[in-house]
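Presented below are the structures under discussion, each in the form of structure tokens.
Paired with subunit B in one complex and with subunit C in the other, subunit A is shared by the two complexes that follow.
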Partner chain A sequence: MSDLLTPCAQKSFTLPIGPLHVALEEPMYFKLDLDGERVRQVEITAGHVHRGMESLAAKRNFFQNVVLTERVCSLCSNSHPFTYCLAVENLAGIAVPPRGQYLRVLAEEIKRSASHLFNVGIMAHVIGYKSLFMHVMQVREIMQDIKETIFGNRMDLAANCIGGVTYDLDSTLLEFTADNLNRVAGHLAELIDIYRHDPMIKARTQGVGVVSPKDVAALGLVGPVARAAGAAMDVRRDSPYAAYGDLEFAVITEEGGDVHSRAMVRLREARESVGIVLQALGKLPGGERRARLSAIPAGEAVARTEAPRGELFYYLHADGSDVPLRLKWRVPSYLNWDALPVMMKDCAVADVTLIVNSIDPCVSCTER
Partner chain B sequence: MPRFLKILVRNLLKGPATDPFPFQEAFTPDRLRGRVVLNPDLCLGCGICRHVCPGEAIRLEPDEGRTGYSFSIWHNTCALCGSCRHFCPTGAITLNADWHGAHPQTDKYRHAEHHFVPYLRCAGCGAPLRPLPPGIAARLYAHSPLDMTQVVKLCPDCRLTATAKREGERYGTTANPG
Partner chain C sequence: MEPRPTPAELREILNNDLRDAVSLTPSWTTNAYGNQYGWLRLPRAEDLPAAVAALAARKARLCTVSAYAEQRGDREKRRSIAYHFALDSVLLTLTVRIYDPDTLEALPVPSITPWFRNADWNEREFKEMFNIDIINHPNPRRLFLDERLDAGIMTGLIPFSSLLHSAGSKDLWERVMAEKAGLLPRPAREAGEIVEPAFTPVERTGPENTAAAAPPKIQESP
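Our next item is the complex of A and B:
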């Protein structure tokens, strides 16, 4: 009996988490080397649900691939077909008309704010702040309703097509969107204040899972994970695409590099996204929303965008037929996984889930 | 915490945020992509929808006797992406907001929409022919002095011959390939 009651605080052991585990929603395998309550080393193994999508893409025509790439991941689901279409347009020299460019930004930013809200909501859930979690999800629900009303689906917008966008907005929808976004903006201001100052949130998240600016450079981290450690990088500003060059927005950074800073970056970015959409609605140019299609020649092209989780990169190799020879994409989560061993070094076991969630990892993207 | 208490009280006073489905209709916007439907009167049988469909949910096949073609949409294979609607030149294939697609497993092969679109016979040579839907023919021939009701009854080959003859007469030469 006394044996069973001996605290294991001093013992070293290995704790496997995943690939199927009650505390994990997605299949990923973590092998934690523990010293009592402290994590000393982390090993991550992926590949449990690899779907072979890049190979599928080389068996489908250019139109089918717009839809296939939208299914890479549900939270970044607009960024994938968007970047893929940019790559095809780069190769074929198709110029998307201004209205199409603006509508593309609109879809992308609506998705970004919903994605960020989801992640900070889950963070509240992980630290056991269920009422806040429910509230954040309810605020996100306003974005979901906007998506469902404009695009016809809560996650897969089907907004992009090669040469522009498939959808349009009339004056009723413009007004509906602006009204609801203003509601979200009000909620976001409140949430930013709560996340910034709430003692319980601060106690659980500040100083936890820290990466330094040096780690950011060494590991090639991207997106909110990099920006929360002070690295002001954002593809939307660094190499503007679609209508981002015409729109005003700040690249949000925080200094802490910890779980708390990452949540703050996401919340403030969500507010920035709402601002971008409101601007785009105000400046929406008239005219065509998609270009005429031309033949897609043989050759290679790349495109990159800022997805909610960071830089997303597409490479396309075509041979002049209507099926690509090779389509390859590099997702932001792929880089950010590498931050976990650094973030978890010497952390408490109880913080593991919190830290994993703070990089907003997408297993779906990683296991493309 | 006190900051959040304010919100908590506000949310409590507001009452439940969820729709009381199934006792009441759930929020369903007009543009909701719920189910793919075909209007066979407008369909040309061009197959663009089948070409762009990522899930291969659309089947389009002439029957053996070439009396027409069958058109099937398999709802369980459909990803509701809307590509077919986007690319269809006539607006024959669309999506409606009916999202009540749940069905028992035993009905999975019945969860589809099947049509048979008959061919007409070309007025010139009798070849099977899917005529342009009247609305589309009217749009295409809006600025033409030709009687489009006759033109649409001809297959592409016979239409070529008819045009050659007509143009020949107009310029006073006979259509003589020699």
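Our next item is the complex of A and C:
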């Protein structure tokens, strides 16, 4: 039989996706080897938005790097300066005042819930559930309003500084934030029910892009991707920092390890974040927001936090000058990209963008 | 569910494992929140596999790998690599010097991918950024940087003009000098020969300026 007469379902193809593609928010190149409609192998080529930020960090002083690290990525823009400041504080032995610790938690959890809502909204968009996508983005808009009202910005909050925070809340802002978070909590309860039970969402996402607990351990996966496969790991509980040790929250896990489980983890975590912020508002101590600074000594320090996509890790090496000798960071997406070949093994071509979205990838973070 | 080991128990476990593996124990620091950080410098890169194998057997997790130059401005020599591991709540950093202290000659480092699969990207990244040779890496192709760029670019000196792509060759400089020496005609701007191109200003096509040319409105009959 001539090759032209062979049905497509029986042919082998190589399908390039990216680096610029309508289904990708940021540039990444995927080379998919297909048997008909099934993906057999995936090769990822990165580097299209590499900006050499770690090299830039070794040319700026410790204060300037707070601003630089906030610009690594927009969705987890608070986590970067937060973790960087923790690394500097660990090196210099700076203790952040309690009010500063609570305000740091508040900024981080507001960002987390907005980030998670964005991802599950995009998931609805990818599966063609446009009305749900629009609704989730409207709910997220409440979080954006809170950010804009407290910090003056919708994405880069400029909340952190070495030794504490730059912002404060008065009683009016406290009341405004609590009222709006209660609104979001109601919407989240409804969204969790929809995502959990809607037959269209379940049909499209359950059993798709599965990683097993064994894969999680072998690949060193982190964040909602790991927790959706049952791995109860969360830096906020495992190595508490800021005010997390004083606050009650659950480490959210699911068992499926698929696209649906990852979405459920994010939605439930968004609700948990709202609860954390409401607790923090209720317990917000008085006093100073930031510590008095001391000289940054020569030496090494590491710090890690639980960013929206998982563990964010910073390594700082100082030589006694006001510029770091080396500042290195590893974002959660860096580890989770490597899970895609496992998740996409034998999946349908139509599920590729859905699976990519389900790790909530951040190319800007990964490549720096 | 089994109770989680305390940080003190984890410290003891790591101390014993590394003492058995490489006859060294880490030093420990604690931050303001009570989190524990272990630090161990391995004198030779050959000790790395034994230490890493002990951590893998304990089911530690590789967080990341940080290569760096030990002295600012040292673009060629004295590289070290810090391997960061997590064991539940404690972090351990294993640092390996990858140069001969007498000759400062760069030494290769063994890949740790046989024990930690997620070292793949980390090792490819430090290879291209710091030009560090890796022994037995399963997939030693570039990670982020294009093949046309030199390895070791992280510590390379890049002139600002090159960074802005304005001095890719000597062509511009030679042209300027040739013009100054009268070997090339002066640019038209200096010779006063500028001729404006003919174009229609945008405001001329705006609605306020085209009303006169518009057809008259049709009067409705009473």
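Methods note: the second predicted complex is superposed on the first by the 361 of 368 C-alpha atoms of A that agree within 3 Å, B and C clash if a C-alpha of one lies under 4 Å from a C-alpha of the other, contacts with A are read in each partner's own complex, and residues count from 1 in each chain.
The working rule: contacts are C-beta pairs under 8 Å (C-beta built on N, C-alpha and C of every residue); 3 or more make two chains touch, one makes a residue touch a chain.
A quick note: this is a predicted structure, and the numbers were derived from the prediction, not measured.
When the two complexes are overlaid on subunit A, subunit B and subunit C sit side by side with no clash.
Using the contact criterion defined above for the overlaid structures, shared-chain residue A:47 touches subunit C, although it does not reach subunit B.
Legend: residue contacts after superposition of the two complexes on their common chain; A:71 is shown touching subunit B, with no touch to subunit C. Contacts of A:193 after superposition: subunit B is touched, whereas subunit C is not reached.
In the superposed model, A:171 makes contact with neither subunit B nor subunit C.
When the shared chain is aligned, subunit C comes close enough to touch A:219, but subunit B does not. By the touch criterion stated above, A:132 is placed in contact with subunit B alone, subunit C being left untouched.
Contacts of A:240 after superposition: subunit C is touched, whereas subunit B is not reached. Shared-chain residue A:315: touches subunit C; no touch with subunit B.
Of the two partner chains placed by the overlay, only subunit B lies in contact with A:60; subunit C stays clear of it.
Judged by the number of subunit A residues each one touches, C leads among subunit B and subunit C. Here the vertex is the CA centre of subunit A, and the angle it makes with the centres of subunit B and subunit C is 70 degrees, a multiple of 10. Once you line the two complexes up on chain A, you'll see the smallest CA to CA distance from subunit B to subunit C is 14 Å. No residue of subunit A lies at the contact with subunit B in one complex and also at the contact with subunit C in the other.
Those residues of subunit A that touch subunit B in the complex are listed here as 60-61, 63-68, 70-71, 131-132, 135, 138, 141, 145, 148-153, 156, 158, 161, 166, 190, 193-194, 197-200.
Per the touch definition, subunit B reaches subunit A in the complex via residues 1, 3-4, 7-8, 11, 17, 27, 29, 31-33, 51-55, 79-83, 86-87, 95. Residue ranges on subunit A touching subunit C, taken from their complex, read 46-47, 50, 52, 54-55, 58, 86, 89-90, 93-96, 217-220, 238-242, 245, 300-304, 311, 313, 315, 317, 319, 321, 323, 325-326, 328, 330, 334-335, 337-338, 367. Listed in rising order, the residues of subunit C touching subunit A in the complex are 29, 31-33, 35, 37, 39, 59, 61-64, 66, 68-69, 71-72, 82, 84, 86, 88-91, 93, 116-118, 120-122, 142-146, 153-154.
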